[in-house]
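Each chain carries a letter (A, B, C and D) given by its place in the written order, and its residues are counted from 1.
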C-alpha cells in the first residue's frame, strides 16, 4: 500500500521568482497546488506612518521607494493629489516633462517586467535585452534629474529640473530605436512555440472576476475590459494625444503579455506626439506657496501606473504634513487574486502566474 | 518551429552586435552633471541656517554652529557638520533648500566600505570632497528662490 | 476642483503687497473655518485649541528677522520630538518677509476658498449661492434616496460633495447598515458599483473611519462611502463577501489601525509580524524604540 | 594507432598500466573540455546578450573556470544536518563515474578509440541511466523539498526520454547493419548527403530533442529549473560535491555531442571526399564543436517547457515519430535497397 501525503512547500521569501521578498506557502499534491497562502510584509517600511511626520516635499523621495521600478508615476500621484487639493496650476512645459518621463517610465517598467518574466519562464537572453534598453532610459533620467532609480523629480507645482540641452533630441532618438527594438523582442520571444504553450490558457480569469477582485492595469485589460485611466479619467495631458487602450480577450497570461507589449508600443506613440508638441520654452514650476499646506479635507487621486491604478488618498487638516496618507498600490490589490488562480495549477505555473500579475514588492508591502 | 527559428536568428545576430558591457572598475563611469552623489559642504559659505537638517527626510544631517570668531562680523559659522550615509538617501533636498549653495552634490558615488562607521562623514571629510562638484544646483527650494520658477 | 481655489492660486502670486504681520495672524482663522463639517465637535475644538498657539510662536522668530539663520543654528538639529507647531514656526522664521507675504496671502486665500467648500457639504443642502450646483449633486441625492428607501431610513448619516476631489459624492453610512448598503451599491442598476477602487482607514483621534471608493465602470462614476466606528472597540462589517478587493485591504486596516471587520474570512495581520503589539497607524501608537 | 587496440588483447600488467594511463589522459582531455566548454558557454551566451562574458580572470578571462573550480574545491564542505549522510555523499560520485565511463567507447577517428564495443550505443544508454539514479538519490538525501521535486522530475524526464532516444537511433543502426559505432560511421562515408542526418531526418530531429532533454539543458532543464525549484536536485550541494554534479553534466554534453557527430554527422568523414587530406580528427572536432555551439545557442534563446508538456512531448510526439521512423527506414531498405 502506497501512502501519499501532501507536501507543504515554502516558496520564498528568498526565492528567485518572487521578485522580491514575498512568500507563498503552497500545499502540493505531487506537483499540483491544492492551497496557496501568500505571506507578505517583509518589505513593509511604514511609508504611510512616516509620511504623517513629514511635509509633502519630504514625502516625495519616499514615494520613489514604493514601486521602485516606476518611481515617476509614484511621484506624480502624490504631487497631483496635493495640487488638486490646493488648486495649483502646472505650467505646460512642466506637465509635458512629467508626461514624457512617465511614459518613458512605463516603457522602462514594462521592460523590467518583460525581462524578468521571461527569466521566470526560463529564457535567459530577454532579461539582458530588456535591461540594455532600459539602461538607455535610466541614462536619460540620470541626465534629467541626477538619479537612475529614485528620481525625486517632481515637485508640487511642477518639476525640479528643466530638460537639459539636447535631452529632448536624445529622447527622440531613443524612441525611434525603441520601435525597432520592440520588433526584435517580438521576434526573439513572442512567436516561440514553447513560450506560447507555457502562457496560453494559464492563469485564466474572466472580466467579472477581475472586476470583483479590483484588478487594474494589464491584469484587468487582458480580460477585454477597456479601462485605462489615461483614457477613462484623463489626467495630465493625456486627452491631447492619440493612443489606443490595448485589451486582450481571454484573460490568460498570454493576453497579459500581449497587453503589456502593446502598451510599450502605445507609450512610444504617446512619446512621439508629446516630443513633437513639446513647448520650446516656458516655466517648469507653477506658483506655489512657500509652505505647502493643502486645505483641510480629503481627496483621492488615481492615475494609471504601469501596474494599474495607483491612488493617493490624502486626509489633510490644513497642516504642512498630511494627517493621513494612504496609497492604493496596484500590486497589492492585484496580488489578491493569486491564491485563487494557483489552486489546481502546477509548481511551474505558479511562477508563470505570479510573474504575469507583475508585482513589485516594494509596492505590495509599502 | 517558425517562432523558434526567428528567436534563434535574433540571438545569432546579437552574437556579433556591439557589446554594452562597461569595464567599470577599470574605466570609471562618468556621471552627468546633475548626478546626485556624495555631498560637498563648503564651510565658508554655510550660514548655519539649519535648512538642510530640517528638510532632510531621514534626519541624517546634524550640524552645529558657533559665533563668528571674527568679532567684526555678525552671524555664525559652522562648527560641526555630519552626514550619516547609512541613512542618507541622496534625495537632493538638502542642496535644494540651501540658500548659499554651501551644501552641494558631487558626481562621486563610491561609498562602499567594510565598516558602518566609515559611512559617518564629518565636516572635514565633506569639506575636502571637492572632486566633480555639481555645477548647476538648481536650489529651487531656497528662500530667495521662493519656491517659484526653476531658472 | 473648484474654480475659486484655482483662481486664488493665481491671484496670490500677483498680490505681493499684503502686510506680513496680517498674514501671520491669519493662521488661526485658516484652520478654524476650514474644519470640514464631517468632523464632530471634539476634534474641531482640539484643533482650534492647538491653532492659536501656532501664530504666537511663529510671531516671535518672525519679529527678529534680521538674522533668521541664527535661530536654528545654535540649537541642536531638530528631531522629531519637536511639536508640529514648533517646526512650523521655525520654518516660518526662515522665510524672508517678501516670501512670507506671498505665502501668507496665498494661504489666507486658500483658507477663504476652503471655507465655503466645507460649508456647502452640509447634508445635501443647497450650496453657497455664488456657486453653480455641481453636476454630481443629482447623483448624490439619488444615492441617498436609494439608500434610504432600500436599506433603511437611517442608513445615511451625512451626505456631501467633496469639492477638493472633483465634487465627489461622499456619503457617511451608518455602521450597522453598511453590509446591506454595500450590496445595494454593487447590485442596484442605478449605482452598479461592481469595482471597489480603494479602501482606507483613518484614525480621527475621536473615532475611526473606513473610507470606501466604489466605482461604476460603465458610467465612470465614483462614490466615496465612509463608515464610522468608535475608537474603543473599532469594528466595521466586512464587505469582502461583496467585493473581493476588500479582503486584503481590510486586513491591512486591521493590522495598521486595529479596526475589526466581522465577517471577514481571515482577519489576521498582513504587514506586521503576527506577534506585533499595537497598531502602528493609530495616532496614539508609541513605537517601542523611538530611535528606530 | 594500432597499440590502442590493446583492449582486445589478453590482460597483462603492462596493458593494465597503459589502460590506467589512457584513462588519466582521457580524464585530462575531458576536464580540459569541461573547463573551456563552461568558459565558451558563458562567452557565447554573453555575446548573444550584448555582454562580453567572463573577461577578468586571466587573459580574456580564460582562467575563469579554473578560478571557479578552485573556489568550489576549497569551499567548506557542508552537509545538511537532517540529510541522509551516506547517500548524500554517494550521489555526486555516483553521478560522475558513469558519465566518465561512457567516454570509453567513443571513436574519435578511424583509429583513435579506447574500446571498440559491438554494442557501443547500448553501453551508453545503460550507463547513463545510472546517473539518473544518482540524481534521484541526491534529491532524496538532501532532505529538501525542492531537491526532492527536482530529483523526481529528473527521474521522470530521463526515463521518458531514454525511450525515444534509443528508438530514434535504430534507423541509423539499421542502415549500418551494426550497433558498433565505427561501423555506423563507416556506413556514412562519401558526400555529406550520405551522412545520416539527411536520410534519417526524422530520427535526427527526435534524437536531438531527446538528447537535449537527457542533458537537462534548456529548454528541458526542469530538474534544476532555477526560477521554480531554485536549483532542483543539487540545491543543498556546495563545494566539490556540487562540482561533481556540474562536471558530470558537462561530461554528458561532451558524450552527447560526440554521439551526435558519430551517429548523424558522419563522424570523422569530410563533407566531400576531396577534403580527405585533412585528418579525420579535425573534422570530428569541428562537427563536435558545432553541436556544442548549438547547445549553447539554444540555451541562450529558448524558454523552458513545463513538466506536463515535457512528458507529453516524449510519449505523444517523439516516441510515435521514432517508431514511425523505424518502419520507414525498414521499408526504404527493403524497397530501395538503401543502406547495408
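A few points about this structure:
What we mean here is this: contacts are C-beta pairs under 8 Å (C-beta built on N, C-alpha and C of every residue); 3 or more make two chains touch, one makes a residue touch a chain.
Predicted, not measured: the structure shown is a model, and the values here were computed from it.
Ranked by C-beta contact pairs, the top interface belongs to chains A-C. Averaging Cα atoms per chain gives one point for each, and the point farthest from that of subunit A is the centre of D.
The distance from the centre of subunit B to the centre of subunit D, each centre being the mean of the chain's C-alpha atoms, comes to 54 Å.
One inter-chain figure worth recording: subunit C and subunit D are separated by 68 Å, centre to centre, where each centre is the mean of the chain's CA atoms.
The distance from the centre of subunit A to the centre of subunit C, each centre being the mean of the chain's C-alpha atoms, comes to 27 Å. Computed centre separation for the pair subunit B/subunit C is 36 angstrom, with centres defined by C-alpha atoms.
The residues of subunit B that reach two or more other chains are 4, 7, 10-11, 14, 20, 146-147, listed in rising order. Among all residues of subunit D, those that touch two or more other chains are 48-51, 300-302. For subunit A, residues touching at least two other chains, in rising order: 125, 129, 132, 188-189, 192, 194-195, 287, 289-290.
Interface of subunit A with subunit D (complex): residues 7, 9-10, 15-17, 31, 118-125, 127-129, 132, 188-189, 192, 194-195, 197-198, 346-351. Of all residues in subunit B, only 1-4, 6-7, 9-11, 14, 20, 31-32, 34-36, 55-57, 89-93, 96, 105, 134, 138, 140-141, 146-151 touch subunit A in the complex they form. Interface residues of subunit D facing subunit A in the complex, by the touch rule stated above, are 45, 48-51, 145-146, 149, 153, 218-219, 221-222, 225-230, 299-309. For subunit A in complex with subunit B, the touching residues are 54, 57-62, 64-65, 125, 129, 132, 135, 142-147, 150, 152, 155, 157-162, 164, 184, 187-196, 283-285, 287-290.
The touching residues of subunit D, counted against subunit B in their complex, run 44, 47-52, 297-298, 300-302.
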